[in-house]
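Starting off with a structure, shown below.
Letters A, B and C mark the chains in the order given here, with residues in each chain numbered from 1 onward.
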Amino acid sequence: MADFLQHVINGISLGSIYALIALGYTMVYGILQFINFAHSDVYMVGAFIAYFVARAVGMTESPGIETLVILLGASMVGCALLGVAIERLAYRPLRKAPKINILITAIGMSLFLEYFGQVVFGADPKVFPSVLQDSVLFQMGTVPLKSLDIAVLGVTLVMMFALNFLIYHTKIGRAMRAVSTNMNVASLMGVNNDFIISFTFFVGSALAGAGSVLVGMKYPKIDPLMGMMIGLKAFVAAVLGGIGNIQGAVLGGLIMGLSEEMVVGYFSSTYRDALAFGILIVILIFRPAGLLGKYTVEKV
Amino acid sequence: MKTFLNSAKVPLIAFVVLWVLGIFVNFSFNSYIQLILIYIMINMILAMSLNLVNGYTGQFSLGHAGFMASGAYTSAYLSTVIPMPAGAMQLPYFFALALAGGLVASVAGLLVGLPSLRLKGDYLAIVTLGFGEIIRVTLLNTDAVGGARGMYGIVGPTDWSLAGIPISRFMGGFTHALIWVLVCFFTIWRIIRSAHGRAFLSVREDEVAAESMGINTTRAKVLAFVLSSFFAGVAGAIFAHYANYLNPSSFTFMRSVDAVIMVVLGGMGSLSGSLLAAIFITVIPEALRPIQELTGYDLRMVIYSLSLVLLMILRPQGLFGKYEITEALPWLQKFFKKSKATATTDGGAS
Amino acid sequence: MSTPLLEARSITMQFGGLKAVDSLQFQIQKGELMGLIGPNGAGKTTVFNMLTGVYQPTQGDVIFDGQSIKGKKPWQVSHLGMTRTFQNIRLFKELSVLENVLVASNQQIEYGFFSPLLKTKKFLDQEVALRKEALELLRIFHLEGKANDEASSLPYGEQRKLEIIRALATKPKLICLDEPAAGMNHNETHALMETIAKIRKDFSLTVLLIEHDMKLVMGICERIVVLDHGVKIEEGTPEKIQASKKVIEAYLGTDEDLQGSSSTTGGH
């Protein structure tokens, strides 16, 4: 039983991170109907930004709340700016082009970030700075609740709450919802589509940045290709929940995290990655709209 | 028989001309260049076959590597069970193996295509990507074909002599590859200029309208997919027996992306474009090798990926768009008959 | 009474909570020229989609030429002999005019997969025959000169014509025309009326027509079905429809609505 609870905690922890990254995919898909392949690489850059910032201010060995906040801030801001730059330079010129063109551009951008990262950062893994003291904060019976997991959950909840507030209780959030429903009509209503789209990339990328710090905190080895696997899983999470659906991304993330933990814990760890593909294919074949999504019928 | 001879006229002439070129390469260039040429031909088959699905039928498949792997491993495995004959029998042997590889790959294509082809655009791309990866991971975990270590010592064409004339392994491999390049080219070329091809094109243009005009769109998509995976498998088989070593890491998502890049670079819907693009994509990384030596950094992939982005922004139709080289460069029409994919009033040319 | 060529038996189309078409019942006799009219949003195109297999009716059935359409896909319906044009032109834009027509005649081919590869006599002969037939169709509509032009390069009126020609190439028994006069001026509409009458005669067709242009509808339709909010509100000859209070109300609103609107426009 204790084992099971431990797996649940790990699953929720992992799932929260998947959710944060999945939100970026889902927000961009909701607004532009396109899969931003480069998102997971923006996430990777975030981890490195945090790494270099920590080195620059000499905080590599001083775990604490302060460090967490500073690294989160640096990574989120860096990722947000990178995401906006990519949209502006690579995707915006293709706004009116056929879908396949923009998909290929996204793939190209993703590859570029990975290979450029290898050249600039070096292909070998680096050690992420110590973010928080790894301690047991309290016990739930025989199951320890570690500080890292609490931090992951805490940061994620704060982000979710902020995002929810942004989207459903602010003017700009309303504009985002309008643009994702119907871009042309939204612009007729006075919404600046370009700005809203950039803003969506800004927010989605920032969340990925937050995710990367949390990952760096829990699994301190970072390298330029770290985005690939987690990006795929987060993407599957977004599709599982219903791509374009914010709540779906969170739900999908949690399901992905929990199921991965259970498979590793009770079945076999070699199938940890294959599980993601399996879920993806099952979902796309049997329920492509995802759990919370709607499959729109083409008007004839 | 008469029609067969008639239809074989152009392909045979092409074969003879290109084969003579091969003899020239055989004696004039070293084995490195020869290897590049074989790789170019493998890439040509990959590009043309993917073009059938992505370019002519308008379905975005990102899993081509999986089918290539299926064909490669099938052919390689069969060659461990059926020993290679000597001398002149090598060519039919490898041809048969490639055929088997292609057939297995086409079955894989059928299994992947049937459930997936109902999906549109992004979704189809992701599912095919997923299936490609599943094939790769399955091979990775199959010890009978070497698993993660890979398969070593796969037989390939060898040097032999025909009545005293030495025939190098390159000539054997080249002849085999050339036959398949031509089979692939003319199959796709002629299918496109038939009712089946028009069905593919109509699916690309407007699937709803096509279906309302009596086209079984599902069958058309699956047919394109199966035909495409057949040739991908053949390409894999050729690869296996010339590289003599297989590893699942040769068939990752990147390989599928390579194929997509070739199709897009050449022009979606242009067979001649795919041929040219295959040459570029094979040669450029090799040509850029000196930069790697010079700077100490492997900038080739960085340049490659950046070029991809620029290509999409600046010239998304690639080299020839949906036209063949003879339309893009009209002065070439003196040498070739009319070659447009869109049917013209004089019908059935070439 | 002879068996109707097409019978819609109480067909209903429900999208979630919305009933786009509700228990629609009508028949078309072979050779008839029937009109389907109604205010915008009445469900007319939805009906077309149900008849041709694009949508599956949530309830009810469609019987065409004695066969049920239930569960059939659009291409199967096309093979049975029912074809259509689209409200927003759906030509194969990047294909040539000739190819648009050739695609529709795919049903007639009798060669398999390998014939084109080997360029057999069967293949070559059929291709020549198909082209001849397609060009003949184009000639009837004076489009044969543009056979090799890209379909999207045609002016609007000719694109509409091409859609009709393409549908005719499927050798149908019944053709459903979805607002063929949309965007046409007076002269073009008149020419279209003649065209419809002509193809009906020359190709022994039955015609079902959705239209907003009342002159066209009243001018050529023998019978008319009127739809409003998914429900059939009237059916009969043009005279009967023109005199029907229900139809007038559906299009123009009731007396109260008219009074209300005239006061806001401030007279005149």
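FYI, contacts are C-beta pairs under 8 Å (C-beta built on N, C-alpha and C of every residue); 3 or more make two chains touch, one makes a residue touch a chain.
Source: prediction; values computed, not measured.
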Exercise. By C-alpha centroids, what is the most central chain here?
Worked result: B
For this session: Could you find the two chains linked by the most C-beta contact pairs?
Result: B-C
Seminar exercise, completed: Cα centroid separation, subunit A vs subunit C, in Å, comes to 48
Problem set entry | Centre-of-Cα separation between subunit C and subunit B, whole angstrom | 43
Exercise. So what's the Cα centroid distance for subunit A and subunit B, whole Å?
Worked result: 36
For this session: Specify, in ascending order, the residues of subunit B that touch 2 or more different other chains.
Result: 208
Problem set entry | Touching two or more other chains - residues of subunit C | 54, 86
Seminar exercise, completed: Multi-chain contacts in subunit A, i.e. residues touching at least two other chains, fall at 300
Problem set entry | Touching residues on subunit B, where the partner in the complex is subunit A | 54, 60, 115-116, 119, 121-123, 125-127, 130-131, 133-134, 137, 141, 208, 257, 260-261, 264, 268, 297-299, 301-302, 304-309, 312-313, 316
Exercise. Of all residues in subunit A, which touch subunit B in the complex?
Worked result: 33-35, 90, 93-94, 97-105, 107-112, 114-116, 118-119, 235, 239, 270, 273-274, 277-278, 280-281, 284-285, 288, 298, 300
Problem set entry | Interfacial residue positions of subunit B with respect to subunit C in the complex | 3-4, 6-7, 186-187, 190-191, 193-199, 201-202, 205-206, 208-217, 223, 322, 342-345, 347-348
Exercise. Where on subunit C is subunit B touching in the complex?
Worked result: 52, 54, 73-75, 78-79, 83-84, 86, 90-96, 98-99, 102-104, 106-107, 109, 111, 113, 115-121, 123-124, 127-128, 130-131, 135, 147-148, 150, 166-167, 169-170
